Amino acid sequence: MAVRAAVAGASGYAGGELLRLLLAHPGVEIGALTGHSNAGQRLGSLQPHLLPLAGRVLEPTTAEVLAGHDVVFLALPHGQSAAVAGQLGDEGVVVDMGADFRLRDAGDWEKFYGSPHAGTWPYGLPELPGARAALAGSKRIAVPGCYPTAVSLALFPAYAAQLVEPDAVIVAATGTSGAGKALKPHLLGSEVMGSMSPYGVGGGHRHTPEMIQNLSAAAGEPVTVSFTPTLAPMPRGILATCSARAKPGVTAAGVREAYEKAYADEPFVHLLPEGQWPATASVYGSNAVQIQVAHDKAAGRVIVISAIDNLTKGTAGGAVQSMNIALGLPEDTGLPTTGVAP
Amino acid sequence: MAVRAAVAGASGYAGGELLRLLLAHPGVEIGALTGHSNAGQRLGSLQPHLLPLAGRVLEPTTAEVLAGHDVVFLALPHGQSAAVAGQLGDEGVVVDMGADFRLRDAGDWEKFYGSPHAGTWPYGLPELPGARAALAGSKRIAVPGCYPTAVSLALFPAYAAQLVEPDAVIVAATGTSGAGKALKPHLLGSEVMGSMSPYGVGGGHRHTPEMIQNLSAAAGEPVTVSFTPTLAPMPRGILATCSARAKPGVTAAGVREAYEKAYADEPFVHLLPEGQWPATASVYGSNAVQIQVAHDKAAGRVIVISAIDNLTKGTAGGAVQSMNIALGLPEDTGLPTTGVAP
Amino acid sequence: MAVRAAVAGASGYAGGELLRLLLAHPGVEIGALTGHSNAGQRLGSLQPHLLPLAGRVLEPTTAEVLAGHDVVFLALPHGQSAAVAGQLGDEGVVVDMGADFRLRDAGDWEKFYGSPHAGTWPYGLPELPGARAALAGSKRIAVPGCYPTAVSLALFPAYAAQLVEPDAVIVAATGTSGAGKALKPHLLGSEVMGSMSPYGVGGGHRHTPEMIQNLSAAAGEPVTVSFTPTLAPMPRGILATCSARAKPGVTAAGVREAYEKAYADEPFVHLLPEGQWPATASVYGSNAVQIQVAHDKAAGRVIVISAIDNLTKGTAGGAVQSMNIALGLPEDTGLPTTGVAP
Amino acid sequence: MAVRAAVAGASGYAGGELLRLLLAHPGVEIGALTGHSNAGQRLGSLQPHLLPLAGRVLEPTTAEVLAGHDVVFLALPHGQSAAVAGQLGDEGVVVDMGADFRLRDAGDWEKFYGSPHAGTWPYGLPELPGARAALAGSKRIAVPGCYPTAVSLALFPAYAAQLVEPDAVIVAATGTSGAGKALKPHLLGSEVMGSMSPYGVGGGHRHTPEMIQNLSAAAGEPVTVSFTPTLAPMPRGILATCSARAKPGVTAAGVREAYEKAYADEPFVHLLPEGQWPATASVYGSNAVQIQVAHDKAAGRVIVISAIDNLTKGTAGGAVQSMNIALGLPEDTGLPTTGVAP
């Protein structure tokens, strides 16, 4: 029997991608869809690619509307998730696709988000050590940020295997959907096509403490992260180039072996054969992750590159994957592993 | 029980899209995959987005390799399909995704393709009058060209309802995958990004006689077609702007009514609500067709615009849809109707 | 001695392109730069590509600020140009890059723009018959719309030579800068990349009466225009596919001859050699126009395709070209004829 | 009096960009244009954006054809430059836009290029300490690689001012023209649009030793470089994200001061105001460089980001800038400092 799922924030990019996946999920029936300024509008005018839901009308985002569902997905700006979640009862599963419940350290939260910490929920990156156990049967799930998903999957095996020093350097390129549907001049098509540009340089991006949390847990010691996000002229995708100084004695073969071991049984993470490199196009619309590793002997660094779709594995696909675990369904139910390419 | 399908030409864009769809098709098991110059290579290096098939190795395209399958898809250059088809027995279904068996008129074929006509197979555009009956139980299917799919669906209802004069004017923009994986300078990313350009102007495009065939059949009289294809800076999608002079007495309401009637029961064709216009992004990776109509009273023309994904509904999705009919499966089995957007 | 030029509306795309050209113009010195909501801001933050002007601060758009310049360019929304122009004296040249003074027919203006007609100024498309004479020494210039520039240059020779019937069909693709810097959801990079979509279908686009005005003048009889604009995933460029029914007796050679004659001495219009087709990339950032013609005998139509840069020849370059004529400078002063490609 | 310049390799992207710049250079007259497989073809069919040269026909690349020019530009694959240069006399200036004469260390050359070292010419990055003196009056110029241009300008001031440790980490995104006009599948528009992917990961890219050479010279000690290039979905531009561990006591203000000092008098390098970040679109078609700096205190790193146009400042513009110096012309003659945006 299908579970009934509500989606709060159905008019944004994360909500739209979630609905695309839920429409193809054999165990889910789509319930209430809510919006804020868009309440009352047909989904067909807001998300014209979701043809089977074109006639659905958005309701306001209230606890009453969201009540009575087996699963409630919150695709809301940070801060709003916590407010809505606080009004929902305990009978259903609540999946926060925002940032509110990702960080364990209240000080980090307050420093980067400037508001009181709402709490910490089981973290929806099943590939991390211990994550599946915490998610199984959980009524609450904090979906990771898109960058932390790409970066943590790229680097945690190197830290877990003690291959690298605790000062990671990360440069990642994201498609524009990562910035959401916000009407800002620098997100206009005329501005982004043909252009690469950085933002949040120097440690200010809000996903930084989340990366530090994940990598430090893997390393068993505090890891510093230098993170530079860049905006790329494409709608979707994250390519994360991650590196750290190799510990003494590390070899290319040793690095490869650690990653083969880490990802041998993972349904969504593909360590590519040697000589082949990740490309965001290969995971377009897919929940898959492509990873490749290198050891630069001359520079003394281990380089790991990962590619994900920021909206799928990086947000909505990760949410469904964790929901599957929480509900006891096969983890890959309803999740595509083939990209839409070319 | 699943049917076993072979794909000849698995390394190209049409073959790749077909495999993406077949992987998600509950009634199909993927059999032999063949290539020409790529025989012997891993599919993972040729189609890196098809992760579940990454380890499969291409075999040569021979009748022996293709024998013994319930369905054989031919994703080959024109001319080669007929040669291979001629060597296949009658037990299985053969679906030609090339041009060889689309045209009924041998003279047209010879004029546009410069080789002897191989024959005519049931035409795989189920939405056309009479097409489903011809496809049901058929052992042979000719998949339409991508442009004729977009154009015929846009205009046949206007011709069938006698709303327009028999001289259609069509300008269509296609994504670059429509030109295939050919290594030609004008298809390099550096050349196509940021550029629109036409080709085959003035009646020379090989899809022209196929459009004429379909529209003339709908009109019950010979229709002339002025067709200008243009190459757009996007990987996928066709936007077809089609128009013809309105017959006397035609009204906007009358046009809309004809299209509502024509597409009331079609699972893949969506006549958009008034005020909303097709966009190729909305059908990215989907088998859906978006259509909108207008009546320009001052210019005396009916304008119909359609958007499809050239690789999905325009090629591989159309092939699967017709295969479903031929095999007696529900027509929409395994076919996405949601686009991957943004 | 250099003329001093003010630019009203320096923060938009048209104003920015104009400044790029004026910076390279040996006979112009840049004077006041004005903005509306952006008054008081550094140009460096609004137009970061105009490095030599990065430190300039926008002033408010008032007659006082604009007074005392030899030339005033108005890169303002329609309606605002006329208001500002009315406050400027007669001593200097005023170049309206908006729509206010393009149309001769007050009824057309009111129907398409919904406000009282402000008047008609000499029309800044020098290639049209008689246009240069009207521009020479003029104190007022109405710069054509970007689409009418591309379409009129494509079709007026065919009408002037009586080669085609008076019912033109035009489908044009534009880069997103044609829509300006407006913060609208459908102009976000996430929406436009990878997508083609039409707008203003069925005769509603405001550039339609301007095309009709130009083509009817060339034909010596009323011409109807069916015009469908489409938005393409590129920042700049217009590709216009224009056609009309061939008059009896028209031949391919006759069409070519008419265009060779029309454009033999034009510095910016390039009739391409047979076999080569226009591409917007080839005129990127250039004031050049590429044109090619075809005669589709089977469909009985003449097809003419033109490519321009909507911001250069289509707006700011056309403005400078006409200013050069008005001031008695060589017409091509300061205007690039090489595109920035690839 | 204009110098006469020949261009060997006029059909490629570097040659085409050079010709675009030379057409606008008041002190240069364009002489012989040569090609290899394209000899005998019209430039108009190979470089359709260079309208003023459309009728020129390519000659074969021989010493005879190139003789008798004041300047000879070699836009040839590495290895071929040295072969041609060896046949040219000493009377004129020879500018190698390839790699043959960039490296000082023969061992580095042989390791990365696999052929005997041809020698070392004055290095055409005028902004580096001492470079202008070496270029003035020189008859030979080695134009830097595009990546080394972006990276050296980003990092040499930090090394010269002893602000950072000698282990640089660089991730750079390039437009596809950086890979040239080569007909390779991964450079097809269908493959690159919508995709980011790395290549040459782990220290293998041939530009690495050139970066090491420049940065080590600035630092006065050996610097290691971890360099990861990525291919971005845009035709032009390089965005280089460069970082190194901050030396003890380094502050944000100190970093900024060092860069202000280094670039105070440079005509092409623009240190952006605080809060503004480089974007490749802002330098599209321009010889300008945008640079911004940051100090990540938590991660203990200095991050410097630069944006250039790989074909302009990164290749052809840098070549013209150095030629200007060699010939005693004002350094910025004929070189645009405004980008073509949006």
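Order of writing sets the labels: A, B, C and D. Residues in every chain begin at 1.
Operating definition for what follows: a residue touches a chain if its C-beta (ideal position, glycine included) is under 8 Å from a C-beta of that chain, and two chains touch if they have at least 3 such contacts.
The chain lineup, named per UniProt: A, B, C, D = N-acetyl-gamma-glutamyl-phosphate reductase.
In this text, all values refer to a predicted model and were calculated from it rather than measured experimentally.
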Tell me which has more C-beta contacts between its two chains, A-C or A-B.
A-B
Measuring between Cα centroids, what's the chain most distant from chain D?
B
Between chain A and chain C, tell me the centre distance in angstrom, where each centre is the average of that chain's C-alpha atoms.
45
Inter-chain centre distance, chain A versus chain B - centres from mean C-alpha coordinates, in Å
35
Multi-chain contact sites of chain C, meaning residues that touch two or more partners
13, 175-177, 188, 190-191, 193-194, 233-236, 279, 281-282, 284, 342
Residues of chain C touching chain A in the complex:
13, 175-177, 179, 181, 183-185, 187-194, 233-235
Looking at the complex, which residues from chain D come into contact with chain A?
167, 169, 171, 173, 175, 188, 190-191, 193-199, 201-203, 224-228, 230, 232-237, 239, 241, 243, 245, 277-282, 284, 292, 294-301, 303, 305, 307, 342
Looking at the complex, which residues from chain B come into contact with chain A?
13, 16, 20, 23-24, 42, 44-45, 47-52, 54, 176-177, 193-194, 235-236, 270, 272-273, 276, 279, 281-286, 288, 290, 336-342
